[in-house]
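Below, chain A partners chain B and then partners chain C, in two separate complexes.
Presenting the complex of A and B:
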């Protein structure tokens, strides 16, 4: 990735390196044109080779059209959001999509980042008690990290037990997790509400704290974490553990020093999935939390959506800003993701 | 390296827990409400509020920025009279407000007061999540309430809340595009056609069920019986659907989209049908001097409804007394005048005797005189989809109005029975 980027930059440089890169680029295209020219001649011949070239061409054309359609489908909402964020008119819905709307500005980003959120105040008559982007961001980070850590720590322990030990109810337990996995988050809202309200820390229900919210989210992500990690642990050779045991390691040491370091891809997937849940969820958060000083970015985004009107420019700007940490985390864990998902996903 | 990472992760976990635990605790109100739930049953307060009220008023609402400014002023005015009373106000997005309240109240908690839609009331009352306040509010206050608004909070011989504002569907006109108000629908068609030029539409009428149902009363029909059984499947019902089917004569007609409002704001639509909650945004978009709210051209009409304050029966003691006093204060001329400020909340008063100085709000009040009362019984939930689908079928697919009405009637009847558990 970095090499490609460096080469891309070098293309525009007047230096010797730039000349070399440009020469390679030109040569590559000359080869392509020559191939195209040769194929182009064959394309119109009524020979067997001509038929093959035509078939290849049609296949390639179909593939390109399909990929173009996919690209447009994916890019359209993203472009729309960017366009809305730059649009100073704050209209409910643009009448047409203009990538750079008239009077485009970054005012919406500035407002979201710098001004207090008037709706999210502990005391509405005192602006000093209103939440800011920074405070919301801190709460979101705490909740998302808390959710990830709960999910990874508890999920890894449970998954290891399910992977390595034989005990009564093992199969039923795994099937139970599948059932939980299929339940929407809101289905567990009422029992979680009651349960977390019963547990109190310093006289305050756990439900109204960020720890309580993280626990609630982790309860939703745990089934996936256990299934994914269990599948991955199954692929780690038992001989490695046996060797560690012969060397005197305990079960816990084997788990912590042998299994976990080998399972980084599956752990990365679990972290990303749990982090995203904690970062984006707002239904449970709006039901559980009652103190605006503990509100999260996702809650603030939801609060912008009004019954009769929504400040679309700020809504779009906030959406973009909110997605940045997730994108960064995705790139940071990218190299683990494919193997982590595929390996954990197929082993049961 | 791996060990360092593990230690680092542990430190982050511990730090997050410490930071979370160190977060300031919420006001005592939440605790008080929860504790109150375990106390004795709600005390019946029959006397005038004592001068020295104490306790905390917890209030959940879904109001936006400009309305919150007015709410702060109302609270300040109340606290000037009752300095010992504390407030714990929480904004909840409108779409989450009812669910959050239901979950909290059903488990013995929740705020003392909830500001919410009129049609939430019956269901909340049936589920015992709000209290009958008929014996808790003074007759003097009840007598000042607009009779139509009072009807929106009377259910099964109980007073399930207090209406704090009137709102409804009205007809907006951009006077720069259509200079004259229309007295009849036929006149509206003529005026709209005359004003249609290039990319400007003389009229862009909304025919979604919520926006067009009031017209059923306008043609002499009735949506339902007082018990909630469908009553629209008659000659008046057909006349209503025939009239709605003529909307495209005036210009494009739309079903539950914002296209009409967007074009109106852009100065490209002369007449639209929309709610009074959009007065401020429409005035800002095209200039208040160009905006008019017309009396309904006969026989068109629109729904008039209220937004209510509900009292949570879980709350007891000083908090309950303070909350009921504040609830009553909300309907005082002083508070209603603050809420009617056109630059802030711009709420149309729900009580008699409050002067409305803003011309647009005056026009809205005049338009409400020809409006139909929005039904606030649980059976109303059975009507939305079948009736809107019926209108879509007639206007988009050219279905026969009588046949479409019959289908809607059958669907509504089945859903009403379902709601009643029959």
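Presenting the complex of A and C:
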């Protein structure tokens, strides 16, 4: 690489320039390239054939045009929600396409964050009993975390059994979980309602508690979690476990100490998916929960969609606020996303 | 006849294997137990109840029926009607507007396959672009491209519904902007979700314009998942394979079909199966954008099932309907599995 730079610079610098000066230039360029990222060095790569450079440049240009076009389509609806949220007129369909509408303000955000939700009150005559964004957020976090906890713990242990043991009923069990993924749950709401009303914890039916809701969500995310985790566990070499077993580790120890630490990507994907379910679901929540003090953000968002009118700016602001945690979680777990999603396992 | 019986030693070995597996079974089942119990309780029980409901005339007055309370049995148990529900569903004898089972099924299958084709095609194309060497801004693109997936589905669906509005929607406004700036002459008062005259005639005349609007929305939502899966698979392909192909004189097209496609297929097949199930049952997009309109022509099976429960309140019919949906999905998955496996054998 160094020779190429030297040759490249020698072309531009006057030939009488001293070697030292040239060396300094070369160094400066290299530092700059290093700061700018390796990609750039390759981008302006100098090969003997000038043609190759042009090819790379054209290819880069084509790719950038393509990817920027995709970026535009991805961002268009998102920017549109932003402009709705900033619009003080509370309309669902602005008259023209503007990123920043006339009289834009953060009033809608402020209202959603600070004012009580009038529709979600234990006692409608007392504003103090109404839900606020903070309390809704707390409930949502509890439900979402509960869902992911149940899904990860149960999913990982079941997936481990399917991946590592040859036992009676293995095929049938695995098939059963995949079939469950396909069953539409529309008409099961009524029996589930009855069932969860029967199970009582501390005198309260499980149905009306946040734990009950988390458990119900977890059962919905489990089939995919087990399928995906099993596929990932299959790719962890068996030799590692065998070595540990020879050293005297029990099955449970190898599972906890070897398989789980090596499967962080797949576990992260499970957490992400189940967290998302718990965070965004509202149909089950509306049917099950009774006490407004247990309502979640997704339910509050749904309640904003009134029969006659919807406060659109607030709805948009709330949508954005609700999306931010999920988007951040996606970004945080992104490096696991690609490797953790083996979807059913490539290796048989 | 005797030739059909396996040799004695092999039979003994098989029995020995079975004993071995049986011996390891309790531990395996212990690992599966938490997830298994939860699934049996929360998912299996309501599903079995649903099967029973499908053969009864379960209506709103039967909702007080409680399996766990024998006092309610006498008074509220629904009448058994045998397969009458199924017959009604398949012969279009339900007293519901715009109900036609054949059309629903045809639309549902068309919807699923067009979507999955676009998801996979676009997903792989973008993954290839993102995976090309020396791409500038790879990380930024990757971060931005998960956004459609990360934003909660309900929010996405409502945003797109507003964007397709005839008078004030962003899509028509965008067309107007294009018209003024590029001199094109698109119609800017397109009734995306309500128009009844199909844009394409002939065989495709059963698809209203709303179908294409829904398709755009769901393609926007769906490709990032496929891109992530394809990226994982692409990163696992060793460079040597491409180099070897180059030595053999392969051009980019040949390389794609004889190196890339076979190498990413094992990861894509389960993802495609999963995507098929998800799209087939994609409730959010259809229900929150068109509600099945215009005149039920974009109704899919799960939205119809939902309406049977929440609008018509004929629970028995809804349960039967869910079972029919499940059977159809099972058949599609089996065919899918068969086709993908068959091509595997063909390549090998």
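The working rule: the second predicted complex is superposed on the first by the 262 of 348 C-alpha atoms of A that agree within 3 Å, B and C clash if a C-alpha of one lies under 4 Å from a C-alpha of the other, contacts with A are read in each partner's own complex, and residues count from 1 in each chain.
Simple rule for what comes next: a residue touches a chain if its C-beta (ideal position, glycine included) is under 8 Å from a C-beta of that chain, and two chains touch if they have at least 3 such contacts.
Keep in mind it's a predicted model, so treat the numbers as computed, not measured.
In the superposed model, A:71 lies in contact with chain C only, and not with chain B.
Within the superposed three-chain model, A:158 lies in touch with chain C and out of touch with chain B [touch as defined at top].
In the superposed model, A:210 lies in contact with chain B only, and not with chain C.
In the overlay built on the shared chain, the residue A:190 is in contact with chain B and with chain C.
In the superposition on chain A, contact is made by A:119 with chain B only, not with chain C.
In the superposition on chain A, contact of A:279 is made with chain C only, not with chain B. For chain A, the partner that touches more of its residues is C, with chain B and chain C as the two candidates. Contacts of A:81 after superposition on the shared chain: chain C is touched, whereas chain B is not. Overlap of the chain B and chain C interfaces on chain A: residues 91-93, 95, 189-190, 194, 302, 305.
By the touch rule above, chain C contacts chain A in their complex via residues 18, 20-22, 24-25, 27-29, 31-32, 34-36, 38-39, 41-47, 49-50, 53, 63, 66-68, 126, 129-130, 132-138, 141-156, 158-160, 162-163, 165, 167-170, 173-174, 177, 220, 228-229, 231-233, 235, 266-267, 270-271, 273-274, 277, 281, 301-302, 305-306, 308-309, 315, 318-319, 321-322, 325-326, 329-330, 333. Touching chain A in their complex are the following residues of chain B: 2, 6, 9, 12-13, 16-17, 19-21, 23-27, 30-31, 34, 62, 64-65, 68, 71-72, 75-76, 89-96, 99-100, 103, 107, 109, 258-259, 261-263, 265-266, 275, 277-278, 281. Chain A meets chain C in the complex at residues 39-40, 42-43, 45, 56, 59-60, 63-64, 66-67, 70-71, 73-78, 80-81, 91-97, 150, 153-155, 157-158, 160-162, 165-170, 173, 177, 179-192, 194-195, 198, 215-216, 218-220, 222-224, 226, 231, 251, 276, 279-280, 282, 298, 301-302, 305, 315, 319, 322-323, 326-327, 329-331, 334, 337-339, 341-346. Only residues 91-93, 95, 118-125, 138, 142, 145-146, 149, 189-190, 193-194, 197, 201-205, 208-211, 256, 261, 283, 286-287, 290-294, 302-303, 305-309 of chain A touch chain B when the two sit together in their complex.
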